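Two complexes are shown next, each including chain A; its partner changes from chain B in the first to chain C in the second.
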Partner chain A sequence: MTRDWNPEAADAIVAAHLQLEGPLLPILHAIQEEFGYISEDAMRLIANRLNITRAEVYGVVSFYHDYRQQPSGRHVLKLCRAEACQSMGGEANAAKLLERLGVDWGGTTADGRLTVEPIYCLGLCACAPSAMLDDEVHGRLDADSLEALAMEAV
Partner chain B sequence: MKLYVPCDASALATGANKIALAIASEAAKRGVTVQIIRNGSRGMYWLEPLVEIATPEGRIGFGPMTLADVPGLFENAAAHPKAVGLVEKIPFFAKQQRLTFARCGVIDPLDLQDYQAHGGYVGLANAIKAGAAATCAQVKESGLRGRGGAGFPTGIKWETVRTAQADQKYIVCNADEGDSGTFADRMIMEGDPFSLVEGMTIAAIATGATKGYIYLRSEYPHAIRTMNKSIALAEKAGFLGDNVMGSGQAFHLEVFVGAGAYVCGEETALLDSLEGKRGQVRAKPPIPALVGLYGKPTIVNNTISLATIPVIMEKGAKHYADFGMGRSRGTMPVQIAGNVKHGGLFEVAFGITLGEIVNDIAGGTASGKPVRAVQAGGPLGAYFPPHLFDTPYDYEAFTKRDGLIGHGGLVIFDESVDMAKMARFAMEFCAHESCGKCTPCRIGSTRGMEVMDNIIAGHEPEKNLALVKDLCETMKFGSLCALGGFTPYPVMSAITHFPEDFQKPAIPLAAE
Partner chain C sequence: MGLIHEIDYGTKASTSTKLVTLKIDGNSITVPEGTSVMRAATELGTQIPKLCATDMLDSYGSCRLCLVEIEGRAGTPASCTTPVAEGMVVHTQNAKLAKLRKGVMELYISDHPLDCLTCSANSDCELQDMAGAVGLREVRYGYEGENHLGATKDISNPYFQFDPSKCIVCSRCVRACEEVQGTFALTIEGSGFSSKVSPGISEEFFSSECVSCGACVQACPTATLMEKSVIEMGQPEHSAVTTCAYCGVGCSFKAEMRGEEVVRMVPYKDGKANHGHSCVKGRFAWGYATHRDRITKPMIRSKITDPWREVSWEEAINYAASEFKRIQAKHGKDSIGGITSSRCTNEETYLVQKLIRAGFGNNNVDTCARVCHSPTGYGLSKTFGTSAGTQDFDSVDESDAILVIGANPTDGHPVFASRMKKRLREGAKLIVVDPRRTDLVRSPHVNADYHLALKPGTNVAIVNALSHVIISEGLADEDFIRDQCDWNEYAEWADFILRPHNSPEAVEKLSGVPAETIRGAARLYATARNGAIYYGLGVTEHSQGTSTVLAIANLAMLTGNIGRKGVGVNPLRGQNNVQGSCDMGSFPHEFPGYRHVSGETVRQIYEQDWGVSLSAEPGLRIPNMLDAAMDGTFLGLYVQGEDIAQSDPDTKHIVGGLTAMECVVVQDLFLNETANYAHVFLPGCSFLEKDGTFTNAERRIQRVRKVMSPKNGYGDWEITQMLANAMGMEMHYNHPSEIMDEIARTTNSFAGVSYDALERLGSIQWPCNELAPEGTPIMHIGAFVRGQGQFVIADYVPTDEKTGPLFPLLLTTGRILSQYNVGAQTRRTENAKWHEEDLLEIHPHDAEVRGVKDGDWVKLASRAGETALRAKITDRVAPGVVYTTFHHPFTQANVITTDYSDWATNCPEYKVTAVQVSPSNGPTEWQTSYMAHSDASRRIAPIAAE
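This part shows the complex of A and B:
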């Protein structure tokens, strides 16, 4: 579970990374891990502590696919859309699931339960199609087992 | 009873943890004492989860295991429905020449003693004894070329960094393995992480670098955990730290987690990312070997290149160079993926033909339908039709046929594939991942996607095909890096070899 914005906790996270040579990405990872996304407050605080502009922080946050500027659902399902998974019917499975959940890529179900994101390769290409639910990987999915996986996260 | 259950991500994705738990509880129920070792993968992914039992004759395998297959392991194992016999006698495994992956799947990845019992850290000891210049010479002599895709001679890069004068030098491992159809980096990091740690340490000894980073993609959480643990263990044992193996030289190593940008697999974008910036490509020259991370001389090598160094320094440059053909020396871990019967990692000397790999080794498609196309070298690699399957696996031979080996991935497609859609996807992927610095890649990919949409809809296909070809020329010659520069490979190979997919009847416009 992630927690609500807390400047003292964020400050401690930034401080813990200051001895690194290139601290910005590790800080953003840790902030997102703690608060679920990178808020405007977080960007302002980081810019301040690292003595860089907010534009620089925003530039980095918006460049990388991993960083979120809005909270996600309680669970995140990442579906691989790369070639190896396509060759095993991954796109059709994904389309069916998105329709069933009533969301588009990157969308969150109305009950806030699940966010579905595209990912380009989990390195499970010989067990395609593959997906990652939160931190757990799954391979050899078909339309039914994918749907079961998506429904299992509550 | 000694059993092996892999902890490789593909094994986990197919249920290995549940199998390991079930084995433990079944053993307890039967009062049998078991030792379960969580090894890496052997790379025979169609058999995962592959459980192995140690016997006096060797390790016998069972796979792909399901929970229902567990009790049978404790009964007449030879008659088990999932028995595959001696693992190392399985043709897919027996036909390989494993140098880089010799320990992968065999040992416990985080058992340093097991690593050393299998030749680990002999290479580093030899490098320290030989000194920096001789180590660089050995790497040059081995003929090892960058396994990330560019195929640049590793030894020349090392020599450049060794002779550069600077107060600080860096060793950077490019473990941003983003190509679809590739998983060699992931497999070695999860199955034999010390080989990468040792390879990077040898690079440090050979160049005088004291600091190293492994730029590891966030999509590989298991590899991140394993690498972090292996670094801590190596530090504790004196293989990393202020005085590496008593050499008097310091080398400190860290894992740096990427943030989901494919372009960061390009070495200069990777360096910017490590510095905490947007992962944008730098113009070359200057080359990173002279002006790299924070402007200092830096080796940027692929995971597999670095993980191959220990065996070269252990067994000698000649041993490695004796494998291969032409200017492609040694072995390549070919990764066979997609719609394939026997998918996995097949390490073999250069020279084997594409057809041998696809048909004989991999056994064709999983669907049983004929193979229609093979994409070699990731999302920036060309699609090969069956009539080019006589191409030998060799950097130069692939180039001659307008393709590339890249990082060694092969994605197999059956006859249901629509090549016009795949060409569109190549443009879409480039647009999604473009760093935005150069115009041919940033704008070209988006325009390419639109033109492909017109072709797929059957709108003026002749005119639009000419446009796509022209656009591909611009992207190929005008882009700063391989993302924009190589996206034309999949697009043009699809158009050249599968022209019938680009001649669709026009979809009539809706009547008003």
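This part shows the complex of A and C:
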């Protein structure tokens, strides 16, 4: 479970990374880990502590798809949409699943349990179509096994 | 007369001394190593198409238009990121490159509106130019797909708009904000197709970290970032190079015009002070010149309680002259005087002092530098031999440790601050001595190594303690001292510095700065290869202002930080021509070139040239004039472009003095606060309406060029000339260049200066004479101007202005970026949006014990008076210190300041006033009654019907 925004906790996270050279990315990871997403408050706090502008922090946060600016569902399912997975029927599987869940790309189920996101290549082309549920990767999915995977989370 | 087009070389010049020869399209060229292929080509006159490259920025290589072929190398490298090499053979045009470039342009244009005819950048658009250059005839991709054409404009900034639908995401704006301005307010949001320029966290420009310097607007190759004035008026048709009339940085601008209307001011890349950069004031805040408050007809009145009566120039001038003559006839020739302006040109200032010395027959001339940098003049002249800073601005590029004392350049001298910040990002170390946590102490990408947050008024003790550490730890540059200073004098001074009361431990007690911080700062400055000192009014505007300047000069000599690039002692002058007004003989004891009036030889020079005999007695300083007015012996004053009633300390005293006078003549753009007490108002003209020169903080003389006819009918120099002639002192100059010729022939340090020379050289740093025909960027190389550098003992003496139970806090004053001085100009522009009123900064602790909340009205009282303003609670100030600006007349900040002043020069102690702060429910009685008087005295009588 992630916790609610807490500037003291965020401060402690930043402080723990300050000795690194180029601490911004690890700080953003840790903040997201802690709070589930990187809020505007968090960006302002990080900018202030690192003595950089909020524009710079925002540029980095918005550049990487893995940094989220809104809270996600409790679980996140990433479906690969890159060439290999597309050629192995990944798009059709995905369309079916999205319809079943009643969400669009990037959407979260009404019960807040699952967010489905696109990803462009998990590096699992040999076992396409592939997906990643939270931190765990899955290959050779078809419509049914993908749905089963999603249902684990819901 | 057309538009001045500056060549964009695409990438910066290389500073290498090693030369490389290559061939571009069959032509041979030799350039310094490290030059880009693009720049080398441009130097040959070959334009390689480009979009993301511009010579104000580091090369980036993203637009893919500047591809070239290089024999023996694979592929088509970007010419902006490829450095030249010996023997390289480059082809900039062939069928393959043409196809690649056309393909790239097609992609750009497939997501760009085709509204060139109605676009504000039409005829000044690099994208349009490049479409032409690559011969784009069609776009195969169509517009059906996803695009950005519907993106919404951001019009929040009062001076420019951001239209993302026209953006090609070349990042020039983002890079300009970082590299040129150093603010880092912009970023590219997202990635790939969704990339978009974003101020802050997808904010509007106005509320973001943007400081509105205009660097992004200038960098933009399309109409994405565009001046609103261009959108309204259209493209300019001609331009002239002139000099900004705001601060002492002296930025060079192209005034881009349509007929007699300014369309925009664009910083000039060839400007030696600013190298193509600008700030929100010079770039955008010029609208005051045509503001409706501007008075354009002369006016007179016999009593200050009467309404003004508009009269002809002849009547106004004759009235002023006859009053001055009447007063002199009755009360003697010393009963009148004048004040020159640091906002006017050198020629105008010279003329006013000439009128006073030769026409009035006394030396009662003073200038606003009295209240800012007079201690600089005195202190640096005594120690080094010249009343000016030692360096040019470019010097900071080679500084390794920078010591900033009592200056807030990011607000007061923003264009120089950008240079300094750039050097800091390159690794130079920084020490800030300031009671307040200024942006130089800590702001994005700037973090002072040491902040000596001293108690206001303890500068001398701190600087002496720095010297104490340096001597006692054996860090003095004894070779330099033996070589260039008097060793015995040094030894005597060193004895004094080593006394226990100058030790960091002793100074910690009175300044509040920990001894270890003082020691660290001293070691840093003394051991740096090049240590440079920059200081401002936080040094001079004290009862010990001169002592601090002396102590600073001692510190620089002690460490050998004088006489080369990267070092020096640099006063950051406040106003556009405060250096020039001092140079031009604005002080009561000095002729132009800082030569004492008692000197027989110099007096003879002027007596011969002017054909009159001159007084050898120094005249009255501003405070003495006001005292004498109260005593009834000084009754007539000619004030050119200066507002002593708002800017000078102890307003009540000033107002008393002015009220006691019988004829006050004010020459200004607006009915300023001093004009409330004037009998004759002579409408002045702005820098856009006259020819002349300004001299900036680095002694650089630069041309001011007339781009429109004076709205009031005459240049300020012509008005002074008319007054002189009416007084019986003949003046017949046809052009300011003739005045400069007179200055050159009577003042050796300007001997080589003429309008022709300025035309040829662009600008000249004085001294300029037979020894330095092209001027002097850095002074005291090899030897001091005065011969040997002089160590002068300057001991710390606490100010008489002390806190006590009734006035427990110390008030110090300063500036803010968007406003300038008393705000007469900037308040009459959109800059007011950034700073609508003066606020009192107070530490949370001091606020809490007084029950003051953020935004509350508070009463600010001192021994001199009281005023009211709103509070801003911030830890930028230390407990016990409060801070405000003086940009708004309603605040009347100078009702609070006392008439304590510098022991040597009378420079007022603005920076230390003991005060009390208490909750209040609105303006004080003085503010209300002052504003009522001010409103009443600005009445202009309607012209009677015939």
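The rule we apply is simple: the second predicted complex is superposed on the first by the 153 of 154 C-alpha atoms of A that agree within 3 Å, B and C clash if a C-alpha of one lies under 4 Å from a C-alpha of the other, contacts with A are read in each partner's own complex, and residues count from 1 in each chain.
By definition in this document, a contact is a pair of C-beta atoms (placed from the backbone, for glycine too) under 8 Å apart; a residue touches a chain by one contact, two chains touch by 3 or more.
The model shown is predicted, which means the values in this text are computed figures rather than measured ones.
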A:55 in the overlay: touching chain B, chain C, both, or neither? Say first, second, both or neither.
second
Check the residue A:24 against both partner chains and state whether it touches chain B (first), chain C (second), both, or neither.
first
Considering only touches as defined above, state whether A:123 meets chain B (first), chain C (second), both or neither.
first
Going by the contact rule set out at the top, does A:83 touch chain B (first), chain C (second), both, or neither?
first
Should A:63 be classified as contacting the first partner (chain B), the second (chain C), both, or neither?
both
Just chain B (first), just chain C (second), both, or neither: which does A:139 touch?
first
Between chain C and chain B, which one touches more residues of chain A when both complexes sit on the common chain A?
B
Have a look at where A:43 lands relative to chain B and chain C in the superposition and call it first, second, both or neither.
second
Quick one: classify A:16 as touching chain B (first), chain C (second), both or neither.
neither
Chain A contact set shared between chain B and chain C covers 59, 63-65
Contact residues on chain B for chain A in the complex?
9-10, 12-14, 45-46, 48, 177-183, 185-186, 218-222, 256-262, 273-279, 294, 335-340, 343-345, 366, 375, 379, 409, 411-414, 417, 422, 425, 429, 432-433, 435
What residues of chain C sit close enough to touch chain A in their complex?
183-191, 198-202, 208-209, 442-447
Using the touch definition up top, name the residues of chain A that touch chain C in the complex.
40, 43-44, 47, 51-59, 62-65
In their shared complex, at which residues does chain A touch chain B?
21-26, 28-29, 59-60, 63-67, 82-88, 119-128, 130, 132, 135-140
